[in-house]
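My structure is below; once you've seen it, I'll send some questions.
As written, the chains take the letters A, B, C and D, and residue 1 is the first residue of each chain.
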Amino acid sequence: MEIRNNSIQKIARLHWYNFVDPVTKLLLALFLTMLSFDFTNLYFEAGLVLCSLVLLLLSRLTSATINAVSFCLFLIVTMILIQGLFYSKNVHPLFSVMGITFYLEGLLYALTMSARILIIIFAIGFFMNTTTISENAKYLESIGMPYKQVYLLMSVCYILPQIQQNMKKIQFAERARGINPQKTVTQKIRSILPILIPLIIKTFDQSINRSITLQLRGFNSPERTLATPKYCYFKAKFSHYCLSFATILLIGWKLWQIISRFL
Amino acid sequence: MKENGIEHNKGNRFNMWKIHLSVATVTLIPAAVGINYVAKAFAEGLKLPLWLGSLGTYLASMLAGPTAGAISGFINNIIYGLTLSPVSTVYSITSIAIGIVVGVLFNRGWFSSAKRVFVSAILIALTSAIISTPLNVIFWGGQTGIPWGDAIFAGMIGNHINIWIASFTDEFILDIMDKVVVAYIAFFIYKQLPQRMINYFKDNQ
Amino acid sequence: MANNQQVSLTHLSFTYRHDHDAVLHDITASAPLNSIVGIIGNYNAGKTTLCRILAGIIPNMMAGNLQGDVQIGALSPTQNWSDFNQQTGFVLQDPSSQLSGLADTVADEIAFDLLNHGVDEAAIQQRVVDVAAQLQLTAQLGQSPVSLSGGQLQRLAITTAIVTRPTILLLDDPTSEMDPQGREAFFTWLKTIKDATIFIVSNEIDDLCEIADRLWVLDNGELVSQGTPAEVINSLNSDWQIGTPKVYQLARLMDWTMPDDNNQFPVTVDQLRRCADDDHSNQSSQVSISHQ
Amino acid sequence: MTTIQINHLKYQYPTSDFKLSIDQLSINENLVAFAGQNGAGKSTLFKLLTGLVRPQAGEIIINHQGLAILSPEDRLKTIGIVFQDPSSQLFNATVEKEVAWSLLQTGLDASVIADTVDKALATVGLTDLKDKNPFDLSLPEKKLLAIATVLAINPQIYLFDEPMISLDWPSRQLVTRIMKQLAKEKHQVIAITHDMDWLAANFSKMYVLSDGQVKFEGTPETFFGLPALSAKTGLLTPRIMQIAKEVFGDSRVYLTPEDYMKKHSGN
């Protein structure tokens, strides 16, 4: 086991979240999201935001999640503004500034949506920050996902650094030929093709070669040794069933809510 | 082993709705997703008012048919959602549709000349906007998150125009710019691809 | 019926589907099993295409018009590719595209083939360590494959090809990105391989002459010469535009020939030593070791 | 006559410990080679010489002008680069357009461009392929095309990064011939290589880099006469010297088989 199951496991201590399998984490995110759709009470939403935030803080907070939040923050602010001013069900004015009235209904509506967004970000952030790509790939394979599909889903994470390396090389080489960082929009658009054409041809050439070697190397062979999951998970099957069942119930209920509105 | 044998297509049109994925398609799709990702980062780096984030999906559809394009689009948003921006996971439905529409249009010859590409681009933008609008309304109250598109949106609902129409307009205006540019870039790049490459993906479906 | 103890190519021709002209014309060649066959020629001569046929990539993954037959011992890449592929290791020209695309470390990358073949974990450990040591990648086992240099990537590609213990090894320009020391170490290592038929395409004519049992020369898709390195190099036609090894160049200039080999010029250091001994020593009676 | 003067140059990558540091170096000859192991700093120096990467300290002066202050257009006319992997530089629809594209960057008029393109393609022997897609060419042909794109601009200084890699025998001869011709026409030609046979046979001035520093400057004849230095810098001796040593126990310096013959026919 020493050489292959790489050193990360040995160095890092095991945390509680390592005992939760990736699929459970994803189902949990889906479950929380559906909850926020089904129960639109603002206190309940706030509670959910808090729950998912605690989940995130108990694990690890990484810059990726902070970036996602800050990216959405701008949107949330504009959303509150637009809905507070123009929401079609606006009745009760909250305050007025220079003849522009801000309404309560719009604000509440925007806050509900913002809560939902935050729940999604935090819950998926929990998944993002506590799993690694190889853990996910191994787990998916071990629970019976065909290797081809695991490959389809995961290999991009490994191929991307290669494409980025190629991109850097190409950008440097093209600059040497006189393609400089451009100023106007047309100049910028004209500099796209000289970079993208070699990059895309190289990328596709590599994927042709990769498909050839994968076949030569016995990819997708029926006798493949199944991967063993990286960690021992706690009651994985049980949590999958529970969470899937609960999520399906919530989806059903939401659909019923929508349908009954038309009845 | 079925995937090892090449099925020689008699005509030039490839088998459009094949679900069984060959190894060639299985390696093409991650490459296409990678191209989406890099192209998007590249457009952001140049501060272009475009995303270019569906370029790889277009090319996958053109090279290996609508199924490959749809899967590229789907995986693109899943990976993007799970690594960078969680909410974009939801828009995988739009990406799937783009993959399918590009594949079908390409197959019917709507990527064969510069004029036809324009028509295709409008159809693609329309598809994208029709599918994205409900998602925008559900998750963002109708906004797209692009400031000047949202300014139009705010102006419209400020004038009591229906939120669906306002949201659709916001999305469609942004989509038309992006999809036209991406369609032309994909068209030019496809023309430049070596024939052996096009044949390889066609033969190994 | 083809001889089961031989590599034999009979009337092999091939045209790619996207091309009008044949890339290979009517190639008939042979070599003993478990020998090293060096394939030389310029670009556009058809070396890579020949490798693809030998590996079964053509016609199983690339389409075109293939005629003729290939037999390597009892196996044929064109007829029962699946069985054939179990016995084969292949190194492509561009090593970075040969990575599986789903491995965190060099060790995982090497283990990929073994996992696919259903080898159990304990045996995998042992073999990964073993082949990595052979190609000096032990220190890199825990690194990400993406972080390797071009030469290291090429060595990694070679380890993945040999880890399944193939009886047929196909190497298409495996040293193009190695530095001189790496290349020297590789060819020294290659010479130690036993019980495998090795086909190697390379522009390193000096090294190739040292290690190969046979050379096949391709020119414009035709097999224009085959034989031992000495035979082939001594009968090169200038139209083929192929470089010669330094040993041969030196021997020609100094006019040192191998008396018991039809006065051919030597192409390896050992051969040179033999005829230089003859030339330099005053004792003309010295017994020279006869060839083969 | 071009001179490149390097003063107190220092460059360090942000992500690694590797450091390039050259105190004083002037390159006056027309045909020079830089040799060194992988990771010795050859490509870093090369990147700095292109002017596209700025050193953290020090300067590179070309003909009494700082490389850093050249305008993009002047830089194109001063320094032309042929990369190791030609595929990363090509993007036009045909071979002919590829060469013409470079010229369009310098703003020449159409008739001059057409003439220059024809001449450049003829020099590298690609005239017959001028309507082909560059990505349908073989690797040596792509490399020759990349060389043609630089030849068309005709800069003062030519940089070649590992020019012999991925070439076959006839194209090696051709590229070597082109490089020598350029040097004769008073261009400065600088090659990075670890092909010692090629270096010994064709260059009379070489620099050896190791651990980011210049460890040797002089003729190949001198360098290969210092076995301790070539071992320390990780370079092999030319094959002919290995042969002489293995077969005859002769460790004198020979650059080529012809050189061996010359040195022995005198006896």
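Brief remarks on what is shown
Criterion: a contact is a pair of C-beta atoms (placed from the backbone, for glycine too) under 8 Å apart; a residue touches a chain by one contact, two chains touch by 3 or more.
Keep in mind the model is a prediction, meaning the values are calculated, not measured.
Common neighbours of chain B and chain D, by the contact definition above: A, C. Across A-B and B-C, the chain pair carrying more C-beta contacts is A-B.
With centres defined as mean CA coordinates, chain B is found 19 Å away from chain A. In terms of their C-alpha centroids, the spacing between chain B and chain C amounts to 44 Å.
Inter-chain centre distance (chain A to chain C, centres taken as mean C-alpha positions): 46 Å. One finds 30 Å separating the Cα centroids of chain C and chain D. Residues of chain B in contact with two or more other chains: 1, 4, 24, 27, 30, 192-196, 200, 204.
Multi-chain contact residues of chain C (touching two or more other chains) are listed as 60-61, 101. Contact of a single residue of chain A with at least two other chains is seen at positions 151, 155, 159, 193, 195, 197, 201, 205-208, 210-211, 214-215, 219-221. Interface residues of chain A, counted against chain B in their complex, comprise 64, 67-68, 71-72, 74-75, 78-79, 81-83, 85-88, 109-110, 113, 116-117, 120-121, 123-125, 127-128, 148, 151-153, 155-157, 159-160, 163-164, 167, 182, 185, 188-189, 191-193, 195-197, 199-201, 203-208, 210-211, 214-215, 219-221.
Interface of chain D with chain B (complex): residues 91, 93, 133, 135-136.
Against chain D, the residues of chain B that register as touching in their complex are 191-196.
Contact residues on chain B toward chain C in their complex (touch as defined above): 1, 4-6, 8, 24, 27, 30, 195-196, 198-200, 203-204. The touching residues of chain C, when paired with chain D in their complex, are 42-44, 149, 151, 176-177, 179-181, 184, 203, 206, 241-243, 246-247, 249-250, 253-254, 269, 272-273, 276, 280.
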